[in-house]
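The structure under discussion is supplied below as structure tokens; questions concerning it will follow.
Order as written gives the chain letters A, B, C and D; numbering starts at 1 within each chain.
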Amino acid sequence: MSSPGHNVAHQFDDAVQQRDASTLGMWVFLVTEVMMFGGLFATYVLYRSAYPEAFAAASHHLNAQLGAMNTLVLLGSSLTMALAVRSAQHGARFGTVAGLLSTIALGSVFLGVKAYEYAHKFEEKLVPGPYFVFDGPEGTHAELFFSLYFAMTGLHALHMVIGVGVLGTLAVMAARGRFSVAYHNPIEIGGLYWHFVDIVWIYLFPLLYLLGRH
Amino acid sequence: MDDARPAQRKLVNAMEPGASRTNYLNADYGLKSWLLTRDHKRIAILYLISITLMFLLGSFFAVLIRLELLTPHGDLVQGDTYNKLFTMHGIVMVFFFLVPSIPAVFGNFLLPLMIGARDLAFPRLNLLSWYVYVVGAAFTLWAVITGGVDTGWTFYTPYSTTASHTNVLTTAIGIFITGFSSILTGLNFIVTIHQMRAPGLTWFRLPLFVWAHYATSLIMILGTPVIAITIFLVGIERAFQLGIFDPALGGDPILFQHLFWFYSHPAVYIMILPSMGVVSEIITCFARKRIFGYEFIAVSSLAIALFGFLVWGHHMFTSTQSVYAALIFSVLSFAVAIPSAVKVFNWTATLYRGSISFEAPMLFALGFIGLFTIGGLTGLFLAALGLDVHVHDTYFVVAHFHYIMVGGALMGYLGAVHFWWPKMTGRMYSEWAARVSAVLVFVGFNLTFFPQFVLGYLGMPRRYHVYPDEFQVLNVMSTTGASILGVGYLVPLCYLIWSLWRGPIASANPWRAAGLEWKVASPPPTENFAQTPIVTEEAYSYPVREAEVV
Amino acid sequence: MLQSLFPENASTIAGQVDALFFFMIAVSAFFGILIAVLVVVLSLRYRRRAGTADDVAGEAVHGSTALEVAWTGIPFAIAMVMFYWGASVYMTMSRPPDDAHEIFVVGKQWMWKLQHLEGRREINELHVPIGQPVKLTMTSEDVIHSFYVPAFRLKSDVVPGRYSTLWFEPTKVGTYHLFCAEYCGTEHSLMIGRVIVMEPNDFQAWLSEDPQAVAHGAAAAGSPRERGAGLFAEKGCVTCHKSESSAMGPKLAGIVGRERTFADGSTAVADLAYLRESILNPREKIVAGYEAVMPTFQGQIDEEGLLALIEYIRSLRGEESGDVEGSDG
Amino acid sequence: MSHAVNPHSTPLATLIMVFLALVALTGLTVGVAYIDLGAWSTPVALLIATVKALLVVVIFMELRFGQPLTWLAAVTGVLFMALLIGLTMADVISRGWLGVPGR
């Protein structure tokens, strides 16, 4: 029988129960995230089916190269995150910290590129609202596209920002030797979150950037 | 008088050695010990106080609504004021009272006790959920104080996004934030029920209260994120003048209704399922026998939660939704009524050959069965397509959902308050006063809302502050009933607060109920169980009397 | 007294709705009373008697699969009957007969504007003949409203940007309430009116006398079709949508109800919603073989004008039926 | 005890292979976008995205080591999102079928 260690909170019997509970907790949280993005995806599906031409025309104003590059950056960050988790599972402190820091770095690159894209949209007056200007047919429907573009990528970017903060905290904890082979669950949980954010982008990229490119 | 004896013995029990132990209430003192607590029982008390305040606020709006409707010509308040009153009544009651009521107070307090755990899986998250609730409530109160909001609690677009000149954005932020409180609570419950059950406590040994909360939590985590994002879209549409739901800019106002009801129909089950769990506990306790059809009641909770997500379109039969979608939603709505019927039949059958006594919690539970039955049956009227076209958006609907949410959810809540009050506070209330209040609530409620069924079929639309003269008699009846109902709610507030100082000390198990929560002292110690209990028997194992004829 | 407890029945569908209502009342009363009687009788019969210790338990009657199956199956069967009945009434409500007298309805905060195809306009009042089906084609200028006549047991939401339909056949001469049933703001409860059911002869007489034409001059008069024809010329529609095959835009005669094929290969039936969308957002769906050159008329024509224009286009079927071609869409 | 707490770990080579596969699929989805597939372009894009998502979920997120409950959670999320989108679109798609406006 395992006795509660110093890393086991009082409400848990042992480390296994704690690990299972927090892992399940994160998965359940991700379900809520799926549903939240699901509301946006439902909106997207409805309007895209109603206004296919306007959506395609509006999509051409997004920079597919930057989008593709950002996709690769984010996939890379998922790899470094997975490597960090693997290092933590093996109790390798340096590998864990290095993996987390690389993930943070790649995440920041993604956010930087996103910020550049946003700034560009401001210059092109493609930010929905009173100053929106779209040169083409069905400007209001293109505005719908950009409303959804900003809502979806904005919510995604917000998740990235939170993720960078979480991973930063984990990196500090890891550097201080808080984790071990026996206790590294927080890193796995943080990893689950980061990978989920990656998955959202895997769908956002083709749905927003690659419409009607042919 | 039967009931005098138990009360006396409770006093005697209070003198037992256990009574003077430290418990969660006296373990620590000072405001900080409450505001930074991670004890699920203290967080439950924090919720109890907050939702009671919100209930009083919501009731205040209800009083003004009923007074205004006393006369047909809108003599008391202007149209704009009336519109704000019913909107804020709905928002406060739904999002800030009914949704958190039983889960956040009694679920929080009882789940760990019932499953033999020391706390919920994530105590800090639990405290966070209360703070999130308070911040959301603060935004909403700010919106109320600075002029209110007039969209109806349903926030239908494009009225809410383009036409209304009231504090929609502030209220939307408040509801958005409060949604996360609900999500965190649901997440915590699900993990707790899965991972923290005491050894031997298998799923089919769980009290039905736990099953009901599991089902409720599923709805909270699957539905609430959708209302959050929907309200968020309404917020940004207003803030940045977008056209997400505005038909003038190509938006689809019906899409808003789909997204809104995807959460808000299941939200009705968030309100009623916990009450059903409470009633299951109370009936079996006061009938002194294991509940009839345990597995069916347990599984029907899950069925309600899951199928409840397939029926939202029955709020939209006249919305210009396609007839084919309407047919699908109608047939599914009839189907989802069946698990509720199964529960009612099983509760009734539980009474058979019981040894029934009628303390206040039992009166509330029996009242629940009566009112919920009426509410459920009238729900069928609204699921029937051809009939719903006539009664949709009339007082028939108002009466129906008040029978579910007030007659059902609130009766269950009051039953829970009376049943577990001794456990939470260690004090007994006046049984006599409690019985009077149960009767007042039952009578007052029916007098308030039954006439509204008639009004609805006559054709009085909801949200009318001026109405044709011929509807006045029924409205006067309704307001009269509401006064009785109001007294019925105020009386418990008085005797319960009184009991905190003057009530007899409660024993660990004043109702001689089965269940782990009754095996710890009243009030329970902070750590709940000195040793993790090991469960070897099914729920509700009351000692069995030999049947005369089997 | 009974009159104040039950609404008047003044349309063919009202009797069907009431029949379903009474059936459901009967079923509900049966089950409601059954539950109430059982709860009361069982509670009294098995109450804990004086002198019984309160820890004496009930008997071990814990369940019965047969009963569970029965009280799952029987209510389900009854519920399916209710569904079928409700659905069939609903389908009747949803399919207007072809010969219905048509009326255009535009809701706005906070009034109902109605116009008969013959030209007569009304505000917050609707005159209809007895014994003849009437079809309302409705839309809203601002927020969602709902056109509700309790005596007909009918309502339908009136949604901006979209057309909705309501049809009924009055069966009783009289004056009935018209309510807005979807909350629409400050004066929601004052967005009410009257439906006046008349004898056919009286109705015809009423239809032909038009006080507004006298009061406001000829501009306000005219049927939707006439106003539509005016708009068709005034907005320059006629320059492109003419009947020569060299025209920039598709021919419109006989277009209503036809399937249109678009540049991307998709198809749609040209119904009222399609016509409305094509006027306001012409470049979203381009009929195969044409260029996306039509300007939008968003904000230039009000809802009544749009209905008039659509009514005019719809009428082209009769006048120029010889010009109808299948090839353009 | 460490065994019970840390039962699994994904080999380094697997992680890198998955990453390379994800990069390749990203290239594929971009390439396919520039080919005219008509009505199939969106389903193909979604199919590729789903393959990528599955790779991330099953290997990076270690769902393959997960308990049945974890699988259930993952499936539930996707299922209910599909319900939300599916039933909403059921209304949108069938709106014109009866040929009566608003029905």
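As a working rule, contacts are C-beta pairs under 8 Å (C-beta built on N, C-alpha and C of every residue); 3 or more make two chains touch, one makes a residue touch a chain.
Everything numeric here is computed off the predicted structure, so don't read it as measured data.
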### Message
Going by average Cα coordinates, which chain is farthest removed from chain A?
### Response
C
### Summary
A count of C-beta pairs in contact puts on top the pair B-C
### Query
Roughly how far is chain B from chain D, going centre to centre by Cα mean, in whole Å?
36
### Message
Centroid from C-alpha atoms only, then distance chain C to chain D, rounded to Å. What do you get?
### Response
40
### Query
Cα centroid separation between chain A and chain C, in whole Å?
45
### Query
How many Å are there between the centre of chain A and the centre of chain D, using C-alpha atoms for each centre?
15
## Note on the structure
For chain D, residue numbers touching 2 or more other chains are 69, 76, 80, 84, 88, 92, 96, 98, 102-103
### Query
At which residue positions does chain A touch at least two other chains?
20, 24, 28, 31, 35, 37-39, 42, 46, 50-51, 54, 138, 140-141
### Message
Two-or-more-chain contact residues of chain B, please, as numbers and ranges.
### Response
194, 222, 226, 248, 250, 252, 254-255, 258-259, 262, 320, 323
### Task
If every chain is a node and every touching pair an edge, decide which shape results: line, ring, star, complete or other.
complete
### Task
Would you tell me which residues of chain B are touching chain A in their complex?
112, 117-123, 183, 187-188, 190-192, 194-196, 221-226, 228-230, 232-233, 236-237, 240-244, 248-252, 255, 258-259, 262, 527, 532
### Query
Which of the residues in chain B come into contact with chain D in the complex?
194, 222, 226, 254-255, 258-259, 262, 309-310, 312-313, 320-325, 328-329
### Task
Would you tell me which residues of chain A are touching chain B in their complex?
9-13, 17, 20-22, 24-25, 28-29, 31-33, 35-40, 42-43, 46-47, 50-51, 54, 128-130, 138, 140-141, 143-144, 147-148, 151, 155
### Query
Once bound in the complex, which stretches of chain D touch chain A?
1-2, 4-6, 8-10, 12, 15-16, 18-19, 22-23, 26, 29-30, 33-37, 41, 45-46, 48-49, 52-53, 56-57, 59-62, 66-67, 69-70, 73-74, 76-78, 80-81, 84-85, 88-89, 92-93
### Task
Give every residue of chain C touching chain D within the complex, in rising order.
94-96, 137-138, 156-157, 159, 162-165, 257, 265, 268-269, 271-273
